[in-house]
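Order of writing sets the labels: A, B and C. Residues in every chain begin at 1.
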Amino acid sequence: MIRKSLLVSFLSLLTFVGMLSAQESKLYTATVFGIHSDGVTDNTTSIQKAIDFIHEKGGGTLVFYVGRYLTGSVELKSNVTIRMASGAVLVGSPLTYDYKGVGGQTALIYAKDQENIGVEGKGVLEGSGLAIQADIAKQVAKGYVKNASEYTPTLVLFENCRNITMKQFTSQNSAVTAQIYKGCENMTFDNIYVFNKDPKTAAVSFSGCKNITAKDCYFDTPVNALVSDGTSSGLSFSKCIVPSGKEIKVEK
Amino acid sequence: MIKGLKLGIIMCLLQGMLFSVSAKDYYITDFGAKADGVTVNTRIIQRAVDFVSENGGGRIIFTPGGFVTGTFYLKSNVTLHLEGGASLLGSNNPWDYVIDPKIKWCSMIFAVNQTNIGITGKGTINGRGYVTANNLVQYIHRGLFKDAMKLDRPYEGNRPMNIYFRECTNVTVQDITLKDPASWNQTYDQCKNVLVEREIVDSKSYWNNDGIDIIDCEDVVIRDCFIDAADDVYCFKSHSADHGCKNVLLENCVGRSSANGVKFGTVSRGFFKDFKIRNITMYDTFRSAITFAAVDGADIENIEVDGVRAYNTGNVIFLRMGRRWDKGKEPSMKNILIKNVYAEVPAGKPDEGYSYEGPVEDQPRNISPASIIGIPGYRIQNVKMENMEIVSCGGGNPRYAYRGLAPADLDGIPEMIAHYPEFSQFKELPAWGFYIRHADGITFENVKFIAEKEDYRPSIVSDDVNGLNLKNVKFEEPNSDKKEQVFTYKTQNVVIE
Amino acid sequence: MKLVKSLLIFCLVAFVLPLNAKDYPASMFGIESNGTTMNTRSIQKAIDFIHENGGGRLVFKVGRYVTGTLYMKSNVTIELGEGAILVGSTNPHDYDLKSGWLALIFAFGQENIGIEGKGVIDGRGRQLANNFVAQACNGVIKDNLKLGRVENRPKLIYFQSCKNVNMKGITVKNPAFWTQTYDKCENLLIDGITVSSRATWNNDGMDIVDCNGAVIQNCFVDATDDGICLKSHDHNSICQNIVVKNNTVTSSASGIKFGTFSKGGFKNIKIVNNTVYDTFRSAITIQAVDGGWVENVEIDSLRSINTGNPIYLVLGDRYTNGKKSHMEKVKISNMYAEVPAGKPDLGYAIEGPTHEYQPRNISPNGIVGLADNKILDVTIENCEFVFPGGGNENYAKVGLNELDIVPELPKAYPEFSQFKELPAWCFYVRHVDGLTLKNVKMTALEKDYRPAIVLDDVHNGTFKKVTAKAPAKKQTIYVRNNCSKIKK
């Protein structure tokens, strides 16, 4: 009897591990990695572990269900998509040193030289912009930080990445321009919402990027929604509007 | 030897003085750290250490409160100062810890290749390892972390220690309290000039909670410490065949253990030389109060133990040679002086009731004697025991376990050359006081063995010993007027005065 | 003489009472207060013993009493003294599964039971829920971890088919699931208890299921999920004769709710003098979506402060089992409501879902029946509603000429926000027969592209003294041409 139940639990364990590794859709639930939705647990290392694990297993989607997930910087890796399901919020830490990045810019989610990556779902990336700026200001005042801009995080920072899909999610309250893309190729933006009220920041910035398609986006930002320095090519924006109803115009 | 010791002490003192003069103080809260018991401060503490180290060094002060953290690295010229009431609390999230790629062990506080570092103050480092270890177990079951789960627990190197310093010079650890890591408490590995003093360790939270591990260090002073740990308490190891522990002073220390009190080994590859151990007290100790093991090729030499009180200890002295993992390096053990010892060995389990009690094993056996056990070809040489009183419960019952004195009995005691060394490993031994095998030049002077109950065995049995000197050795055992308390076998040059 | 007589009676009463309600100290049964000893068996023994010996009170004094599942028995009251905490085990396997539920304290078919005093029941739900997840991940507990949670987790209290239940004064906190459920109970009194349930998901404050005769009063409820929740799980039962008065509620879901399970229905319910604040969804929502019958509901003097939605009445056709959901005679009077522009429950642990059903501007009150099944006779009287306004048609828009793009969602899980954008800023009314608004004051703080009220398929409407104040004056009431007999 005992042996039988042991066998059963062993089998179910196998099934579970099988589900983790061999499922066709390759969906990974955040909870499994010990990522907590309670709004207070620091999930930085747990989310990073999840991304690394999925990346090493050949890729898949890390799914966050409804809840608030506090975190510092995480590095996105090839073939991993973050899905913020409806009601799920990735909440940026309010602490200066919780952020890392590339090229002198920090970010909540950053990636360099990766491909087939993205963020999707009806959830939210929350920048905690006012709180993080206040903390950085304190560090500047103490003399521990010289250049505030080196520490002020954006929400998404991708550098030299390819095949990027960003859809449906909302970015809000970023301390600087909400999403920054440098030297990236083949990017799709679909139904992206950006809300930045305080501090006064832009929505999306491109430099040296190629082949950008954006549609049905809504950018509610106090300064110009789009920042582009003219070094990008192949931009196609359709039905991307600001609160006044105007469509965003891009260089050809 | 004494000269080297003195030099080490002076260097330590000098270094401490220099520190207090030049150190600039920084408050960790100024870097944004929160003592709320929730915020994970890892990255803040790391930033503070980097900043202070880059700006000429100083002390980082932790004010009262609980600072949660994962792994961070201490850097040169930085001292962590924990004020009374301040706690560094280990995060319970296993992902918050790093297994150092070079060291291959996991720790909350690492330092690698740094100079002039320290941890001071009356605060506490609490690993909160029980929960962390159990959380790690869950991840292992989920397939997220690879571990063989030997003995149904993660490998000790995969669980975070409190402190691991490697190849550091001028290390000062003073006044702090260490608690409850998921693995060992504090490891000093290939460090030089290490001072640990006035430290309290309270650690019975999970398996392998060693008190202090000194691995391949030179010029070490440990004094005025109190350590209560689930595993070995004052533990000296040699992980590298090219290194060893040398010039060590251990004094005025108290220990409680569900394993051993003062131990050399288990991993014992290089050497243990020039030790002075004095005025130590061990109580409620499951295994040996003092054990020196050279089982992986180590040379043990020039060891002086002066002043031991061991109460309620499972075993008093265990000296052991072996050949486990030595890859051809030949072990040796010689010139050991142990004096001024008082010890009591009980009938019951000495660590009963403590969390993470030692495992009852190697049964059936009556109470085990102190022992000096070499192996054929590798003899323990020149050991002197002076001014000792060992009170043993006695009461060995031959119907429970029996080892007689006939040649077949004595030769039948297994050599166990490649085994993990433990005083109990041979199961029943033929003496109640002392058992000696494969040794040269063993001296007992002014030694008294007391058995509280009648025992079927003699007090001392020697087997394959060259040179056994007993000067003023006395035995007390109920109803034993005509009993021969010393039995020699294959022993030459016996002098009894 | 009279005095002597009453003294005599007093003495008699004083003498009789202790006989009936003998006090037994917990220590008598070896129950330990150290916060670590598992007391399950000794507490159960105590309850059984007291039950078998004519009843009485099991008295816990200051200390932490850890336990797994317990079963209450007739004529036993648990008295939790000030400082006494009944602490739930964090081991999932310490909880029994009975009648489809897990709970810390069960009672089935018992009479004269209760839990009273100034003490606490603490479920340690966050740790417990995490341990459930761990066990599910290891395959020991069978669960597909939908939404990353284990579906069935222990409640603190589950009483079924009990009579004369008294819950007084205690604090119940941090369950791993709902806080307390009273299912098919009769004569239930919940008086002066504090619910503090912010541990994890689905922390309902209290669930009154198919009960007959219940008074819930003077309670403070702080819950991640619905605060005070009346339910009907059984098509052949009904929740009836219930008074909810003088309570204060805050929730990251709805404050006072009928449903979601609404199979039998809700009848003769009075909700009097309650306050709902910092609440993510509706202050009051009545949902008849599973074939239940709702009749005679009176909501009087409800204050709704910083709450996402004041009123949401809805019919649906979900698990109706061939029945037709029904709602009639709902009266809301003397209500005052303020709706914020931001998220009402911001900063609470386990907040309600941000940006749900987007894009939408701030949602209005909703009274929404079905095309073939109208809500009947709704009265709203002497009420004031303050909305933030600010609806931006470039973000989300339903024009008055396109009201049909608002979907009919009879099968959906009902929430005030489920339709996404709605075309009014204060009241959206659809498929209703018999609607009276009398002396209703509406204010929008910022310019909104929508009118205050939109009526779509509404008949027999009466509007008296209905005023709307907004920065840009628009028409107050838009009546679509499929309405009839609307008197303004």
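Everything that follows uses one rule, which is that a residue touches a chain if its C-beta (ideal position, glycine included) is under 8 Å from a C-beta of that chain, and two chains touch if they have at least 3 such contacts.
Since the structure is predicted, the reported quantities are computational estimates derived from the model, not experimental observations.
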item: Far-end chain from chain C, centres as C-alpha averages; value: B
item: Pair with more cross-chain C-beta pairs in contact, given A-C and A-B; value: A-C
item: Chain closest to the middle, measuring from C-alpha centroids that were averaged per chain; value: A
item: Inter-chain centre distance, chain B versus chain C - centres from mean C-alpha coordinates, in Å; value: 60
item: Centroid distance [mean C-alpha coordinates] between chain C and chain A, Å; value: 36
item: Centre-to-centre distance between chain B and chain A (centres being mean Cα positions), rounded to whole Å; value: 48
item: Junction residues of chain A, two or more chains touched; value: 13, 16, 32, 40
item: Per-residue multi-chain contacts in chain C, two or more chains; value: 137-138
item: Touching two or more other chains - residues of chain B; value: 138, 141-142
item: Parts of chain C lying in touch with chain A, wherever the complex brings them together; value: 126, 130, 133, 137-140, 142, 145, 147-149, 200-201, 349-359, 392-395
item: Touch list for chain B against partner chain C, complex; value: 138, 141-142
item: Contact set on chain A toward chain B in their complex; value: 13, 16-17, 20-21, 32-34, 40-42, 44-46, 48-49, 53, 72, 95-98, 135, 138-139, 142, 144
item: Sites on chain A touched by chain C in the complex; value: 9, 11-13, 15-16, 29-32, 36-40, 63-68, 86-89, 122-124, 126, 170, 193, 218, 220, 241-245
item: Residues on chain B engaged by chain A in the complex (per definition of touch); value: 30-32, 38-40, 43-44, 46-48, 51, 70, 93-96, 135, 138-139, 141-144
